[in-house]
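All chains are identified by letter, namely A, B, C, D and E, in their written order; residue positions are counted from 1 within each chain.
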Amino acid sequence: MKVEGKRRIWKDYQKEIADDRYFYVRSCVRQNFFPASEKMFFRILKEELGKDIFENAAHTTCSGIGYHSDVVPFETTMTMVARQFALMTESGYQNFTTSCITSFGLYTEILETWHHFPEVEARVRENLKKATGREFDKPSNLSHASDVIYKFRKEIGEKARYRLVNKQTGQPLRCVEHIGCHYSRMFPGKGVGGAEYPYVLAGMIEEWGGEVIDYPERRHCCGFGFRQYLIQANRGYSLSCSKKKFDSMAPYKPDLILTNCPGCPMFLDRWQYTLSEMEGTTYGENGQGIPVLTYEELAGLVLGYDPWDLGLQVHQVPAEPLLDKMGIPYDSNRKFLNRDGQSMGRPKAPSFLKFY
Amino acid sequence: MGELYDRLAGDVRFVEGLKACLNCGTCTAICPAAEFYAYQPRQIVDILQTHDDQAIESLLKSETIWYCGECMSCVTRCPRGNAPGLLITVLRAASQDLGYFVESEKGRQQLAIKRTVGEWILDYGYCLYPSEILPEKHPEQGPVWEWEHEHIEEVMERLGANYKKTGPGILRKVPQEDLDEIRKIFDVTGGTARFNAIENYSKQKAGEMGIDLDDTLDNDYMKKIYTENSQNHGREL
Amino acid sequence: MINFNFFVLPFTLGLIYVFLAVGKSWYRWIAALPAIDKVKLTNGLKHPGKIAAALREIFLESLIHRKMWKQNPLLGYMHMSFALGWFLLIILGNIESRYYSGTHLNAPYYPIFLKFFIHDKLVLFFEVYSVPFLFRFFMDFLLIFILSGLVLAFLKRKQSKWFGMKKTTSHHFTDRVAITTLWLIFPMRLLAESYTAGYYGNGGGFMTQPLGNFLVSLTPLPSDFVAYTMWWCYSLVLGIFFVMLPYSRYMHIPTEILLIFFRHCGIQPKKWYSSFSETEVQSCSRCGVCLDDCPMIAAGIQDSQAVYFISGVRDRYVPEEISQKCLVCGRCQEVCPVGISTDSLRLIKRREITSGQASDFRYLTNGHSGKGDVVYFSGCMTHLTPTIILAMKGILTRAGIDFIHLDADGSVCCGRPLMIAGKDRQANELIEFNKTLIRQTQARMLVTSCPICYRVFREEYNLPIRIQHHSQFLLNLIKTGKIPLQGHFSKVAYHDPCDLGRGTKTYEAPRELIGKVADLVNVREEREKAHCCGGSLGMFEASNSQRNLMTKAALDILVENQPETIATSCPLCKKTLGRHASMAVKDIAELVYEAIPRE
Amino acid sequence: MKDFGFTVQLDHSIDYDAKDKRMMRYVLYHEPSLDWCIGCGSCTATCSAGQFTLFNIRMAHTLLRRGETEKLKQELKKCMFCGKCQLTCPRGVNLRNVLLRINRAIELFG
Amino acid sequence: MGNRWVAPKRLLFSNSIKMDPQVIIIGAGIAGLTAAGALAEKGHHVLILEKEAQPGGHVAQWDRLFPSRRPGSEVLDHIRKIMDGRVEIKPGIRINGIIAHDQDFTVLTEEGTSYTGQALLIASGFRLFQAERKEEYGYGIYDNVITSAEVETVFKQGKKLLTSKGTLPQRVALIHCVGSRDEKVGNLYCSKVCCVTGVKQAIEIKEQLPQCEVFSFYMDMRMYDRHFEELYFEAQKQWGVQFIRGRLSECSEAPDQSLIIKTEDTLTGRPLRMIVDLVILLVGFVPEPETGKLVEMLGLSTGEDGFILPSDEHYNDNLTTVPGVFLAGAVKGPATISNTIADARAAALQIDSWLKTKP
């Protein structure tokens, strides 16, 4: 493997990312499964970097999951997106930042479509007006939240209290990055590093001292596949996809999986559990699994935030082994306490997967 | 060129998605669905470029079009700039609007998606909402989710969410007037029409199949489409 | 009077041995016959007519060697001189010995060594017509007759070409011993008798007496001693030959006799290796006549001809590719002096290889098949030569025949291609399917354009209706004036398809038919001796280029008399020959169709 | 083990290195002309069995090469052995022997 | 006879080398050299400007030529023999301007020197597709992904084809259509020579490493020219090269540096994964960027593929819209060596008659 080769490609795919005044829209999946990550994104931008990031309470889903599971027509989704743009415009912002990769992909696709088919854009504007009376400007800059963190990876690196280095051995941690399919597959130019060797997460890992591991099934989808997960009868597809990735990365003994998509971390986390219950197979050393993190969680960790404030307790695959490697202190007793420090009980321990 | 083909060709995604396929197979090579189902994106494009309405109709009625996961990996690779993934979205739209989706087991599942994700969009303003993700319907979510779900308010509060509350923030209650706007958008742009189509064709089919289907999530038809794989679909040998 | 001497022992023991050995084998084979064949055999032996016929054939084939004569006169004479000569020598020898001994019962060796025991009767010069003289004369004559054959046999070893044989088989050890002793028998007899005659100064015939006198005058040793030694040698070679016979190719002589009886009693080859097959295999004299007549020679294939295949079977090991490397064109069968059914032996071996292979034709669902007076089955191959189908349908319509084209949209194979691969069980599934289809048509006659189908229809389908190849059917149409003829082709050479010609003995119909529409030029090797076109479905182990060589060889013979068109009556032959022919290759149906005046 | 209402699914992709090549080797050794195939599909187009069912000789050949023994077994049973394929093959592959040999290989290694 | 009046011309030039050349040829590849030789034989004074230090172009880098597998040097030497001594070659030239006068052209170089000629032949050839651009194939990233050009270099040096670890490859995959027939890299055209080059190299690899399994991944085998199909047949029949119909989708590296390639086995309609020790990318033709400048300077037009358009693709294949400017060889698109040589001769003929009819 020649990293120079990758660097050359990374150079070719450097996208424009706004450096302030972000209009932020939330992700359906992340809110449910990684609420603390979205919280952390705000804290990092506001408190650590002193940026202006705004959320309009009236904003909603882009209906992307509905669209990609085909119950919501393209026309409708485009108008939903137009409405988000309208809210941005009304709030006086131009830089649009999404928390969700599906959304990001969809926004990109829609903007492209409008670019190639102006008549479609006109129709959407008309529909939006008809339905809501709103009008909109297209954003001058569209980025995914991970782009923003990538943009400020150096600043974060400078403030970092911990690095992606094994405290005992001093070796950089072996990190596997998993990019959401809709980040750059359709429009390689719209993602940092392009479609084949995306740099958005790799950049963070390198910057924060880790080692990026390439493995054969790196590009493989986690298996969400929308309808393929939403319907129980189809979940075998979803599961099999993730299994394929695990089997492929296992020989490289990764210390963690870093993701930038809302769904992927949830699936890569839950499917490890499911597989262990289904076949008794666990990945990672002595049945502890391979920890899966969102980029905000990782940023939070290196910046020294409390793991439980980052929501690592709601991961099914325990993060503790990683914290130990990084030498990050944590209080196991506080793991399952509520805001006021009262116990919320404990989840049941899985049959095979380690649980702390 | 047939009627059906023209209908599809009217969709911008179709125009973007179908240039001219040279059957090289770069799409199938990396297609997750091709790995786990009896499915080939190449074949889809190949059938479409025959412009043969009969073939297209049987495609719309088939299980095949429902195997794709819309990961769009195929789009990255095609040396002719086709987008099989996009074409699938067009085919699925047509299959639902024409009522062909009920002819296939995988197609019939659309009702379950409509009644969950679809409705949630209108009810909550988001595609998912924690209270709806029931551990019994999602055993794979594991004990942690079970625990989370049990203590959802507290957990969300602990993690800094604005769960079910007003104002901005994570999992807030989206104001009613905004939900109304969404509904309007759905009415104006055919979202509602799509929902109705899915409902009506499904009810019709349920009748034909003689399986009970009411408006709830828990009835024989819903159970059937949510859990059943009566055929192989190429899942095993 | 004691007519005994120790030197007769080798012969006598050998003779006893060979009788026991042959008897044992005969018993084994007969005992191993399936019950039904045993019945046939016993019934046959009760039937004087059949016995007579058998004996006649034995006389013609085993003594006269009729087929050999046909093959090549020199070869025929050589074999006859040995077989017939020796046979007569024995007969006459017996009569002579009875004359001398005056009794009917002589020890078996007595006639053989008669001249050793009898030499006292002096025949004077004026007793030319006396009985002893005549005996001596004819015995010597027969001896010369045999020795002349011996000389030829010796030449054949050196110059097989003279005997019309490009290839000859090689010999095993036992064969060599047997043939040497066989060759020595009569020279020894000659020497023994001559010396004896010379020593006694009489007792010899017109050849042995003078030769004897001459030899004695040359030999320094006491000539009674030399003569005695010669008698020992004579007896020894006879003895050794007899002992070796059951283990050598000469075993075919007694076996063939049994085989001929079997055949005349109506015993036939089975689908599996039976006692009959064994007798056939043992009756093969390894003469190698089948080598030169095998079309594969043209392709340089020289290791799987009938004789090699059969010796493999005899030794209980035939490599798979040898069993599969054969056109199954039946040409060798026609020329085999013993008339061994080489093709069915080949198929028996193939069955052993392939009969176990799985097949599944459940996808064949009984579709429509309209009704008609005549059902026309074009066959798979004919679908690759649509002009034949066109012609046939044209003719049938023109003749106003109420016909239905059974396999208009795709044939269900007739089954022969599977059978010829040894897959009878699998073939039967297809046969059953086609039978139902055909029955549904309620036709009174089945016509096919493909000899392959035609043969299997006749041999395996046992349908209640008439089955005809289109050559026969069309001929009938013309004869009954159902179709008008106008056009006329000049100089057409006809190629006999294996399955139609040798397969179903249909030689005349196509020729007569061509005669109606063209001038038939004759072909050097036709009918039974026609060459396979090289496309045979029976062949598995020939490469494309080897097939081409066979096709070219067949073509070379077809074009010898400069025909303008080559006619055949098999789509496969048409396609195969057409690939290399410099002139048009047409199916007879096409010829007829083109000869019909257009309306 | 827990039942989730779904299972890990079969991977359709041909893992070339995981497959058994004995049958391919056997057939190629006994009928080298199979190497001359250019995958044109004439055989499949003319196939007698192909008129009645989905039977694809070209596919069967490919399955043989990929070591997909099970599928190959099922496929080959449909062959009627009529030999049309061999007559149409532009590269003169000795197809009937190929089919015969594959059947043999199935007996030997299947 | 023509010679009678051509003779004095030749005399004139032979004793006045200083004088400006009649024809300036840009590019000393086989096209330029062949044309030069042909023109010189007709008595014209020719000057070749070459940007590289050595003449010979791509052929000089190639080991053996398809379909006959004769050494490329043979062809080159033959062409040289014809022109040697009669043609002047200026290597290492960078052109930064061309001025077209009504009678002739002046070529200005970066070194400041200038050359004037009455006719201009553009024979600046092509460039090989840069395989890095096909990112998913991992050229320049995975050690065992190499190009057909590198294979030629190895053969030319008489070395063995080895993996990055220096071991003998047990399995090699040749990938067709790299940079050709691919809108993702902006080249919709077919590069013509890759198919047969692939077959040739497959055979050469088997010659060198009989134990090595060689697979060829193709979409169509375009064996359009004489003896090409025969070579393809030989590769199958004699060398057991296996051809799999399916375009390489992506390549990834296994822990042991071998490569996992993913393609569809289109004849079974299923994804295929295979581990190989070496992936050889059959890189196609792309227009030479330097030529782009000339096009601008002279106001010539190019096709969508970026190659120069002749004034008529059928009967004026060597002429351009600018009188006095001619084309030869791969500046007009992918071409085989034999095609190029024939084309260069044709160009020479056109130039010759143009010079004669010139007022």
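Descriptive notes on the structure:
Keep in mind that, in the parts below, a contact is a pair of C-beta atoms (placed from the backbone, for glycine too) under 8 Å apart; a residue touches a chain by one contact, two chains touch by 3 or more.
Just so it is clear, the model here is predicted, and its values are computed rather than measured.
Shared contact partners of chain A and chain E, listed by label: B, D. Contact tally for A-D versus B-E: the pair with more C-beta pairs in contact is B-E. Of all chains shown, D has the CA centroid lying nearest to the centroid of every protein CA atom. Among the other chains, the CA centroid farthest from that of chain B is the one of C. Chain centres here are Cα means. That of chain B falls 76 Å from that of chain C. Centre-to-centre separation of chain A and chain C, using mean CA positions: 85 Å. Averaging C-alpha coordinates per chain places the centre of chain C 40 Å away from that of chain D.
Between the Cα centres of chain A and chain B there is a gap of 22 Å. Counting only residues that touch two or more partner chains, chain E has 136, 245, 250, 262, 265, 270-272. Residue numbers of chain B whose C-beta contacts span two or more other chains: 30, 34-37, 76, 140, 227, 235.
Counting partner chains per residue, chain C shows two or more touched chains at no residue at all.
Contacting chain pairs in the structure are A-B, A-D, A-E, B-D, B-E, C-D, D-E. Those residues of chain D lying in contact with chain E across their complex are 12-17, 28, 32, 35-39, 58-59, 62-63, 65-66, 68, 91. Against chain D, the residues of chain C that register as touching in their complex are 320-321, 324, 353-354, 356-361, 363-365, 380-381, 383-384, 409-413, 417-418, 421, 423, 426, 430, 535, 537, 540-545, 572, 575.
Against chain E, in their complex, chain A makes its touches with residues 1-2, 4-6, 8-9, 194-197, 214-219, 251-252.
Note for the complex: chain A touches chain B at residues 26, 28-29, 31-32, 35-36, 38-39, 55-58, 60-61, 63-76, 78-80, 83, 105, 113, 116-117, 120, 127-128, 130-132, 181-182, 185-186, 188, 195-196, 219-221, 223-228, 230-237, 239-241, 244, 270-271, 273-274, 308-309, 311, 313-316, 336-339, 344-350. The touching residues of chain E, when paired with chain B in their complex, are 136, 177, 181-184, 219, 245-250, 262-266, 269-272.
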